[in-house]
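Take a look at these structures.
Two complexes come next, and they have one chain in common, subunit A, joined by subunit B in the first and subunit C in the second.
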Partner chain A sequence: MSRNVIAMHGVTKRYGDVTALDGVTFALEENRIHGLLGRNGAGKTTAMQILTAQNFATAGTAEIFGERPYENARVLARTCFIRESLRYPDNYRVDHALRAAASVYPHWDAAFAEDLLGEFGLPRKRSCKKLSRGQQSAVGVVIGLASRAPLTFFDEPYLGLDAVARQLFYDRLLADYAEHPRTVVLSTHLIDEVSDLIEHVVLIDAGRVLIDAEAEDLRGRAVTVTGPVEAVERFARGHSELHREQLGGFLRLTLSGAVPSSSDGDLRFEPVSLQQLVVRTTQRNAAIRTDEGALS
Partner chain B sequence: MNDDGRPLFVQIAEDIASAVVDGTYPEGTQVPSSNELAAFHRINPATAAKGLNQLVTQGVLQKRRGIGMFVAEGARARLLDSRREDFASQYIAPLVTEARKLGIDPEQLKKMIDVWGDER
Partner chain C sequence: MSTSTVTEPPEVTTGGRIATVLRLTGVDARVRMSVPWLILGAIFLVNVAIWWAVRASSDDGGQGTTGALTALFFIIGSTYLVTMTQTMPFALSLGITRRHFYAGVVVRLAGETLVHAVALTALLLLERATDGWGLRMGFFSLGFVPPLNPLLQVLCFWVPLLSIGTLFLLFGAVFRRWGQYGVWALAVAGVLAAGLAVFWVTWQSAWPAVGRFFTGTPVPVLLAVHPLVLAAVAVAVGYLVVRRARV
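So, the complex of A and B:
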């Protein structure tokens, strides 16, 4: 039986009259890689802060390992949160940051951290404030991986990391996760890069959960169909439309829940990537919210 | 992996099945583990394991506890049988549909196939 490491139930967070989270409910199973997706300001970081006791919910309950995280050293010691911009004390060097991490995380693997330092080309004696933006992010990635925390959050850990360093991160994450299964939450905008790594997706937009599904199920969820307007319209009947583009007599629709038909040779079908599905779903949600706003 | 819209675990299973059919993995040999497949294809290990388990269910692979997955006896023959069954719907149907569109009647199509076969 797989159990949930994270459970949010009806979590709302308000800052004055701004609602950052609006009745958010989702659960994340143990020992899987989860993708927490959404636009900037969608509420992902707020959700992760509440789960790691760095922020308080206005309403609702948040639990990790079946317990409330606030002032709960037992569950927080099993949790590692790598943020977009980690800050270290001014006099800290790279090896100081690693030593501090080693004392905080019970599952810390010093040899693994050393390997990663070399692979990311991090100078261990360099002061943290003299590191480039990418190197600072790499320190966070090294700590996140070597902590081997049973629950690890990576919140946009890549600022300044180039494509080669990001690939290194994905490869090392995958290899280490295979040997040491744990629960990983990846929050990212680079959906195409992680779509094959994540097993489960939660998409948050404007403080609400839009998608909570297995990544595998989402792969076949939408299809793009292109062809003569009439044939495409005929095919689209009864399916929910995510996106529409027209050029003269040609129409391209992104449809949810439609299965490609081989009988009509005029229609061309293309799979919709997870990234495209997320973009189209978010766009449609924005359009719906605009309509609601106009009505109220 | 290629995003052709099909589930990744199905693609993993088909890759290995194809390798069994073409003799890359003869019967009785060990196939890559889910972790090896995950690292090679850069996919989640659980997805790779799902692909392997599908082949176990189909009788193509056999699990040997603590050692790994091996190609089952008779796997190649079984895969060939099922692929022959699918051949008509996967290859003949689109061929006939396209031929009809181009005004090629069934007799002409048969002749073209004969000529094609002779030339090879």
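So, the complex of A and C:
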């Protein structure tokens, strides 16, 4: 039976006038790969910081493994949080960072770390200060994977990594996850790249949860329909419109919850990728917020 | 498919987590502990050269103290600032709690400064045995400290090193909690407190009493007891500050 490893109940975080998280509620199941998606500044990092007690909620509660994380070694000892902004002490070499992580995690896999080091081409004696942005990210990826922490957060861990290195990360994550199931929370805006990897999606925008659903369900949730304006409008009736593009007499709509129809030969249907769905949902939310702002 | 890597939560004890922090902060211990000695070594060589030249040109025969050792105390102390400003965010990312990290760093500070104190005592004894490195140069002795038995001498090196280290930890804790502005505020508050103390002593015409305190208190008490109180206060305040630090 699955159980929730993460639970946020109405978590709000304010920095002065800025509301980073606004009544966020979601739960993440054990031993799955979850995608925490959203634009830069949407509140993804803040949510993960609150879950690991690196930051404090203004209101609401956050739990991991069923307990409050603040100064709670019993649950924090089972986490690893690879942040995009993770820096290593100035006097650390790459092997210092790995040895430090190895000293913390009881299930650290030194051989795996060694393999990854080679695959990412990381010089183990190089000072962490002298690493390129991509190499710094790679050190984080190695630590996050080899730690085998039961709850691992990757917060945009790929900064500066090229496409090949990113693919290497996804491949190794998936392979290791299959052998050693654990809960992984992957925050990213490179949605297309991870859409096959993530099993569950939480989309945050402007501090609010817009989507909290199975990735599989989302893939069939929206459809793009193109055709003559009238035919498309007719088809779109009763469906929620996510996006609209019009060129002359042709209209292209992205619709939520619509099922392609074969009866109208003038219409062309295309599936909507997870990335498109996320982009369109976020854009629609931004438009709604603008409208709300204008009304208030 | 194999079973989950970790089904049972690991046994977590305070001692176990502090031991973890000791291991974590141990990975760069060699660098942290050797750099101050490399600097001191360079200062020592320069001093030896200068004293040799002084002795060669005009040998007045008197014993002298360089005073360079004081720098070592602050160089060593400052290395612990980095553990708070740089190692702590990394450690928290690896699931270490603030209190365990802080406790582990304090224990490591105590252990490493004890090693430094023993080394300094050994060099001081060597200096005395070689009549000041053959140059009647007092490099490892502090001018106002009379010869003490080795154990007491270790304490008189260790406690001041420990106290300065804990003050740097306190500054690091303030930085972690309130950032650069917090550190400036603490520095300004320190200057104001010192100014206020001077004002009060002057106003009360209490300088002779202050003088009597320093001359009347045995040196080992001045070096190994009073700073220990300061260290205890710094550790306690640092803990209260670091409990709500964000990283």
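Keep this in mind: the second predicted complex is superposed on the first by the 296 of 296 C-alpha atoms of A that agree within 3 Å, B and C clash if a C-alpha of one lies under 4 Å from a C-alpha of the other, contacts with A are read in each partner's own complex, and residues count from 1 in each chain.
Quick note on the criterion: a residue touches a chain if its C-beta (ideal position, glycine included) is under 8 Å from a C-beta of that chain, and two chains touch if they have at least 3 such contacts.
Keep in mind that what you see is a predicted model, and the values were worked out from it rather than measured.
Participant: Per the contact definition in the header, classify A:R74: touching subunit B only (first), subunit C only (second), both, or neither.
Facilitator: Touch status of A:R74: second partner only.
Participant: For A:S147, decide between first (touching subunit B), second (touching subunit C), both and neither.
Facilitator: A:S147: touches subunit C, not subunit B.
Participant: Taking the superposition on A as described, I'd like to know which of subunit B and subunit C A:V104 touches: first, second, both or neither.
Facilitator: A:V104 contacts subunit C only, not subunit B.
Participant: Looking at the overlay, does A:H180 come into contact with subunit B only (first), subunit C only (second), both, or neither?
Facilitator: Only subunit C; A:H180 stays clear of subunit B.
Participant: Is it subunit B or subunit C that touches the larger share of residues in subunit A?
Facilitator: The partner that reaches more residues of subunit A in the superposed model: C.
Participant: Applying the document's definition of touch, where does A:R32 land relative to subunit B and subunit C: first, second, both, or neither?
Facilitator: In the superposition, A:R32 contacts subunit B only.
Participant: Between subunit B (first) and subunit C (second), which does A:F112 come into contact with in this model arrangement: first, second, both, or neither?
Facilitator: After superposing on A, A:F112 lies clear of both subunit B and subunit C.
Participant: Just subunit B (first), just subunit C (second), both, or neither: which does A:V223 touch?
Facilitator: first
Participant: Output the subunit A positions appearing in both contact lists, the one against subunit B and the one against subunit C.
Facilitator: Shared contact residues on subunit A (touching subunit B in one complex, subunit C in the other): 178-179.
Participant: In their complex, what parts of subunit A are in touch with subunit B?
Facilitator: It comes out as residues 32-33, 170-171, 174-175, 177-179, 196-199, 216, 219-220, 223, 260, 262, 265, 269-273.
Participant: Okay, in this complex, where on subunit A does subunit C touch?
Facilitator: Listed in rising order, the residues of subunit A that touch subunit C are 31, 49, 52-56, 65, 71-83, 86-92, 96-97, 99-101, 103-107, 143, 147-150, 178-182.
Participant: Which stretch or stretches of subunit C touch subunit A in the complex?
Facilitator: Against subunit A, subunit C makes touches at 1-2, 4-6, 9-10, 12, 14, 17, 20, 23-24, 26-28, 31-32, 82-83, 86-87, 89-100, 243-244, 246-247.
Participant: Flag every residue of subunit B that touches subunit A in the complex, lowest number first.
Facilitator: Subunit B residues touching subunit A: 1, 3-9, 34-35, 38-39, 41-47, 93-94, 97-98, 101.
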